Amino acid sequence: MNVLAFGEVMMRLAVPNYKMLEQTESLEMSFSGTGLNILSSLAHNGVKTHLLTVLPENTVGRTARSFIRKLGVSDERILMEGQHMGSYFLEMGYGNRPSEVTYMDRSQSAFCQVKLSDEVIKTALKDIELLHICGISLSTSKQSRENALNLARIAQELKIMICFDFNYRKSLAKADEHDILINSYKKMLHYSNVVFGSEKDLLLLLKIEHSDEEQVEVLYRKFMKEYHVSFFGGTTKVNEGNRKILQGFLANQSDIVYSKKREIISFDRIGTGDAFAAGILIGLIEDWTLQETVEFASVNAQLSYTTYGDSPIISRELIQAKLIDENIDIIR
Amino acid sequence: MNVLAFGEVMMRLAVPNYKMLEQTESLEMSFSGTGLNILSSLAHNGVKTHLLTVLPENTVGRTARSFIRKLGVSDERILMEGQHMGSYFLEMGYGNRPSEVTYMDRSQSAFCQVKLSDEVIKTALKDIELLHICGISLSTSKQSRENALNLARIAQELKIMICFDFNYRKSLAKADEHDILINSYKKMLHYSNVVFGSEKDLLLLLKIEHSDEEQVEVLYRKFMKEYHVSFFGGTTKVNEGNRKILQGFLANQSDIVYSKKREIISFDRIGTGDAFAAGILIGLIEDWTLQETVEFASVNAQLSYTTYGDSPIISRELIQAKLIDENIDIIR
Amino acid sequence: MNVLAFGEVMMRLAVPNYKMLEQTESLEMSFSGTGLNILSSLAHNGVKTHLLTVLPENTVGRTARSFIRKLGVSDERILMEGQHMGSYFLEMGYGNRPSEVTYMDRSQSAFCQVKLSDEVIKTALKDIELLHICGISLSTSKQSRENALNLARIAQELKIMICFDFNYRKSLAKADEHDILINSYKKMLHYSNVVFGSEKDLLLLLKIEHSDEEQVEVLYRKFMKEYHVSFFGGTTKVNEGNRKILQGFLANQSDIVYSKKREIISFDRIGTGDAFAAGILIGLIEDWTLQETVEFASVNAQLSYTTYGDSPIISRELIQAKLIDENIDIIR
Amino acid sequence: MNVLAFGEVMMRLAVPNYKMLEQTESLEMSFSGTGLNILSSLAHNGVKTHLLTVLPENTVGRTARSFIRKLGVSDERILMEGQHMGSYFLEMGYGNRPSEVTYMDRSQSAFCQVKLSDEVIKTALKDIELLHICGISLSTSKQSRENALNLARIAQELKIMICFDFNYRKSLAKADEHDILINSYKKMLHYSNVVFGSEKDLLLLLKIEHSDEEQVEVLYRKFMKEYHVSFFGGTTKVNEGNRKILQGFLANQSDIVYSKKREIISFDRIGTGDAFAAGILIGLIEDWTLQETVEFASVNAQLSYTTYGDSPIISRELIQAKLIDENIDIIR
Amino acid sequence: MNVLAFGEVMMRLAVPNYKMLEQTESLEMSFSGTGLNILSSLAHNGVKTHLLTVLPENTVGRTARSFIRKLGVSDERILMEGQHMGSYFLEMGYGNRPSEVTYMDRSQSAFCQVKLSDEVIKTALKDIELLHICGISLSTSKQSRENALNLARIAQELKIMICFDFNYRKSLAKADEHDILINSYKKMLHYSNVVFGSEKDLLLLLKIEHSDEEQVEVLYRKFMKEYHVSFFGGTTKVNEGNRKILQGFLANQSDIVYSKKREIISFDRIGTGDAFAAGILIGLIEDWTLQETVEFASVNAQLSYTTYGDSPIISRELIQAKLIDENIDIIR
Amino acid sequence: MNVLAFGEVMMRLAVPNYKMLEQTESLEMSFSGTGLNILSSLAHNGVKTHLLTVLPENTVGRTARSFIRKLGVSDERILMEGQHMGSYFLEMGYGNRPSEVTYMDRSQSAFCQVKLSDEVIKTALKDIELLHICGISLSTSKQSRENALNLARIAQELKIMICFDFNYRKSLAKADEHDILINSYKKMLHYSNVVFGSEKDLLLLLKIEHSDEEQVEVLYRKFMKEYHVSFFGGTTKVNEGNRKILQGFLANQSDIVYSKKREIISFDRIGTGDAFAAGILIGLIEDWTLQETVEFASVNAQLSYTTYGDSPIISRELIQAKLIDENIDIIR
């Protein structure tokens, strides 16, 4: 199966050795974004993947491409145009100190400024069976919003399965564009077959009615029915004593299943939601049961907390070893 | 408010990546000392700070100065004289392995050898409202002891508020100078308005009488009364199961308050007491309640366990975010 | 003497170990700009320096400030506003491979977007005796051009000596703004007392008439007379066989002198013109002869080719040792 | 006492900073093997140690020798022959992610290919009082097996005490050589005085009869009696909640003792069994009680989980400090 | 045009910072080989490239693949089989100290052990217009020699243009296989259209008759005629004073041209011949004149001496800038 | 042959990547000293070597020992006493920028403070045939001077050949001890058989009469005769154009020979005189001709300019390859 993802790729500039930015003169560069992260995880599990994004036509853009190829994701459908890409600085947290993210200018990035023509979109969708769109592109600029919706429309016409991830970030949403944003989310959801999100997205963004007495499953059902969504999944995190616990859920039209609760030990905290989403997609592509799928996805997320970088790179051999023996210490 | 601290600055040579010294040929250099650490924390929270110390008049001394400026502390009152400064090697502990510190020759350092004249001291105290003196200077050499006491005397004459930190290290105290040392501590305490220390300091060093049945608060009261101390603060650490817990206290003439108990997760174990002291000083400078002050200070100490280097660099935005949500994971 | 420089500070992201960007995932961060570079060199030679610039009000901007302080330059007159600063990627050349510079978006930087009010400018000029303005600010944005000219106007009113550096970069000049740019250069030159530039600047930008038969000194004289410039200096570079040679010149109203020709061996190629300019300013501040000044400046430039970073950090002890013994190998 | 160990030394190529191999272009090289690991620990505790192994006669082999000397182990009895040595890649686990080991070709290594003549063996055994043989050499090649058995035979003739470590790795044992392997283990055990192993080795490899109702101590007794073993020791690991616990045991002809249970916090997971074995040998060499010996050995193992590298380097000062105060945080 | 190269990929383990192996515990890993190097250079100049090789089916092999993709070379025709790949240690020379290369076992590598079936070969050759074969595969093992010849035979049948590179290394040729080796070289040359080599290859390996009075061009002609070679190219290196000079040549059926002599300044000395070969292929693919081709190729080789790694990564923009201005210092 | 060297070992803290100290927070640690450097070179060429020095009895001293062993030098005769060792900071020069060395306190080092008893000396000299003493120990402290002279006296009584190196550093000689120093040099020379030095040492320190018309060889003869020296050697450095040239000389009782002039290309400039001295000693030990000896020594010195660290580590294979082919580029 050929999978295409659409989304912005940013340069991540991480401070090494748990230092703060002011303590370092050395930065670790990588490239990431929800679309790329999901494709990386799929590629590490044997799926053929392609990224649709816009990168600047210079050394920086070419370096991003080589990084993308290294992850196992095809860069052949990437557009090279403009001179700028967004970047963010990451000060990795340690123990009970949070990670801190500082964004540099994103609105002028090639991704946010370049219009994707219908021709470009159709070429990008050639032979694609599954398309992933990240919700962030609805917030970053007018152009990226139009590109995302246009892409979804054409993909639906071509009967390509569409997967959408809410990924709603309040900090990105401009106050005066809030209604436009909600409408574009709703429009996008009507195109979508598989959706990743949370209770909060349904209540705060879509404002689906839901009384406190009702179970959350009722809310999920309402949402899936209203938007004709085939699969809806996500994760919840809780603290038990001084342990952090992650649990995944996955619903289809008839059932909803939950994964085992798994302890989170954090090395690199970003991109773990994308690991869960990728795990679900692998199960759907390979036609596993809901329960198998959600367990696999939650171990993928759990392990992605312990690996460097935003883009998950764990392959199924390790996930399966972990599913069999949770306390496995060394693999020789 | 202008704050001046007096104390030795040492070169810290830390072994990277939790290795032992014999396993590395690469060292991470920084510069620290109680005075500098406290000023660093104050400067990162908006206070104007100045360091009074002696550094060698060579490349090493100039490098120390540039490091001090980088922390946000003014180096304009530093004396450049002599050719040597003390250094220590740090093998950072991991998990249940302790950190190990090895000192190289300190007694010949510029700080321990150079006499501060009354003129130098008066110039250094210009416009200063709060002076911090670290107790270690009472132990390191005859000259540093005289400098410290002389400085305190002149500051008192100028009606500058004096803050003193016991920082008593048995390993530094020469056996035959024990009485001299105790006397100089007592003399210094009589000059001091704000004092940081512990039960042990009061019992073992000052030998204040205290029966085991009495509560520790009674002991604190006796000490504060005898030495006319306006504020007395410190921290205690305990193990609860396999968790390490820190709690701060702060007393003024009428009250004594305790912070919440907070879990310690150690990345870099040195300088955390200085983070607590700086947190208290910020509260005093900004006239917060005792309780606000001790909570702020204990979060500053807790977070300084998770950051690299002896000198605390956490600013109030992060401390306040942590006070509001203890489980905060990522700040974007 | 208090010196103020006005100019943009950019983040420099250099690829270590002579690799190309696509070969690394590690970058070395520093901060630089003509104004900062010149101040760094002055500060390393005992001059009191202040930078006037705009930095973003976030972790990145605060880190830039700590870097500036570390260089010995006061950050107290820096404005903190906005969220973005410009950056550039540097692939350092080796031997006969050129260095390559790739800029990321500069036009949206805080420096290019924020207006400096007359009040801000007057505060920044307090107690300043010498002001340096970098010509790049005339090209980067309409706002930065206005700020620069406004600053020069007020400084002249305050009778502050103004030093201006052409620093004309064709790549920065937008085609349709060429006339505006030339006019603003001319306006700026009328404010200026000390100017750094080259034959090319006078011919191509100012279009001063000059026949090929005339010596270049005649051209310099015409320029200095027309714009009432007290001092004009610069460097020329030539290849002799496989050696690169640098020579500096400096003219006042009556004389023009040239430095010895000195061989260039390149380690880090950027910022060497700023080292020359700073060397000249030191001689002017300390009232040396023209010849002493130009020799000092050319050794400063020569050595700055051999040191890491854009900002020169060589102090006079080393320059003087080099002036005495050109072949000096080890200083103990 | 002079101790000789016989075993293969491999090059360990570890990925830094908890990354996966595909995420790095930088590797940390060290050299290790059971024999070397045990000698390293003995040498760091004052025992005179010698290694008998074969290394390639080239830069790589010479580098391995310099590494061995650095650990404090004499390299004078090492044979230099051939051109190849085995290597393995280590991706260090983090938290609940396991470490992963990938071996490169080991069968063609100098150690596995070179025959040790009786003369070479006798020279190597000169003045040796204790010989350690690692069980892995019984599996790696026909030649290494013959060398190991020949060495044990000659040592027994010379009345040298022999210590043997099962170290049975199923992945190394070729299916069609299983009987040969078991026989060589049995032969080796008949030569041995001190043995390290586990319940599993006795049951699965030696197939000693043992009903589930019988206590494990009965099994140990049977084994020790059958093979005339003077000392038998080993460790067991269990999970208690989310803590990992290690416990050591040690039996002589009459008694069996257990260490306190100690929590394991993992930094570098390999070589910890060798630390336990070395701890036991130190106790035997210095004639401590069984209980003193097993406590020392288990703290050595516990601390070796927290130090970098396969070869334990902890010396007795730290182990004893830890035995006195389990919560010790900083040693100054 | 689609280009396929066949050849072994080895792991290169380079010692950083010009140290010797015994001075480091850190190594820089990359992957290289003549075939890969040539493809890397082609890919960086816009050609579609594919590698045919065998890599081990483990983490190391997968990491090599990700490195290959990063260079812009398709890994889709690579076979994953076996557990071993060859490696070499590189101690980079400095100035007049030579680089030193130490090989670890290569004969057991997947590349040297795995037979390529006719089916595999035909699949690999699908849509290929130009095939590159490296002469080293004729020496490394019987299997690799058979694979190379079989591949050439099938490619000729499919009318694919074949490019062959002598790359004869005396150290790899076993004494008793010398005749076999010469025969296989001759066989291979009869399949080849484009050949890279030197005077020495023709005289010593092919033993073409040539008197000392005859010019070397006569020798080239004889060779090209005898083996029906369309293009023959190579480089010569000479010392002029203390400068190293490189010159390339290229002959077709009627002409022979030479490049300008260019100075070599060495940063990383390996893979420069491959850069020349790739430069020639680009000219042939794009149908340039012989002279244009040989100049481009010789600048590619010259610049590859100044870049890190065996695989050339210079693209035409830089080569052309260098062709226009040999002294270019900074590109902005 | 067993060689013992006596001399101080210092910790060298080098700034990486040609930066200045203020530009780094990372240092590269190594240990060196004339005695150790010479032994390192001898050990890398197959000689059995032992160091006599004093190191502090702590982690730092133990780390120095492990470094010494790694170089191939026996640490068994080293005394462990005191708590301090000297250190120096090295800012490595680049091209025409000189290296800069800054010493930290050396006078309080264990080496300078501890008295070597006659017993200790006799034990250290057991089985030694050649003893090397470094002249620096005559300047560093009264104790180190006494130790050096005492050692020489006892060695002479034991008929051990003594080699002495002037190594006179004006900066170390205290003004008021100049006469004492000259006397101790003269005393030491009377004990010595092999001496390394320069024209300047003979003229300025020993004040041997010598008119400007006389050739330098006459001066050497006078010196050798007066002090009964069997061998006298050294190097001279000159600039030819922009090349630096080194030439060695060696005299015995009847002849004086000079090496070829060799170009110096500097990577790490310290310790190159020690490489020359070690090369001479190897020739003397192996009974080569004077000319063979001085050529070998001068190539050893030439190559030591191109290798990292003060201690030479080049072995004879490389030196001989270089003697055969001066332009050798890669050794495979």
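Lettered A, B, C, D, E and F in written order, each chain numbered from 1.
Definition applied: a contact is a pair of C-beta atoms (placed from the backbone, for glycine too) under 8 Å apart; a residue touches a chain by one contact, two chains touch by 3 or more.
Please read these numbers as outputs of a predicted model, since none were measured by experiment.
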Of all other chains, the one whose Cα centre sits farthest from chain B: E
Farthest-lying chain, centroid of Cα atoms versus that of chain F: A
CA centroid of chain E to CA centroid of chain F, Å: 45
Separation of chain B from chain E, taking each centre as the mean of its C-alpha atoms, in whole Å: 62
Shared-contact residues (touching 2 or more other chains) in chain A: 20, 22, 25, 66, 70, 100, 103, 266
Residue numbers on chain F that touch chain B, as the complex places them: 13, 20-22, 24-30, 58-60, 62-63, 66, 83-85, 87, 89, 91, 100, 102-105, 107-108
Chain B residues touching chain D - in the complex, by the definition given at the top: 17-20, 22-23, 93-101, 103, 169, 171, 239, 242, 244, 266, 269-270
Interface residues, chain B side, partner chain C - complex: 66-67, 69-72
Chain B - residues contacting chain A, complex: 16, 70, 243, 263, 265-267, 302-303, 305-309, 313, 318, 321-322, 326-332
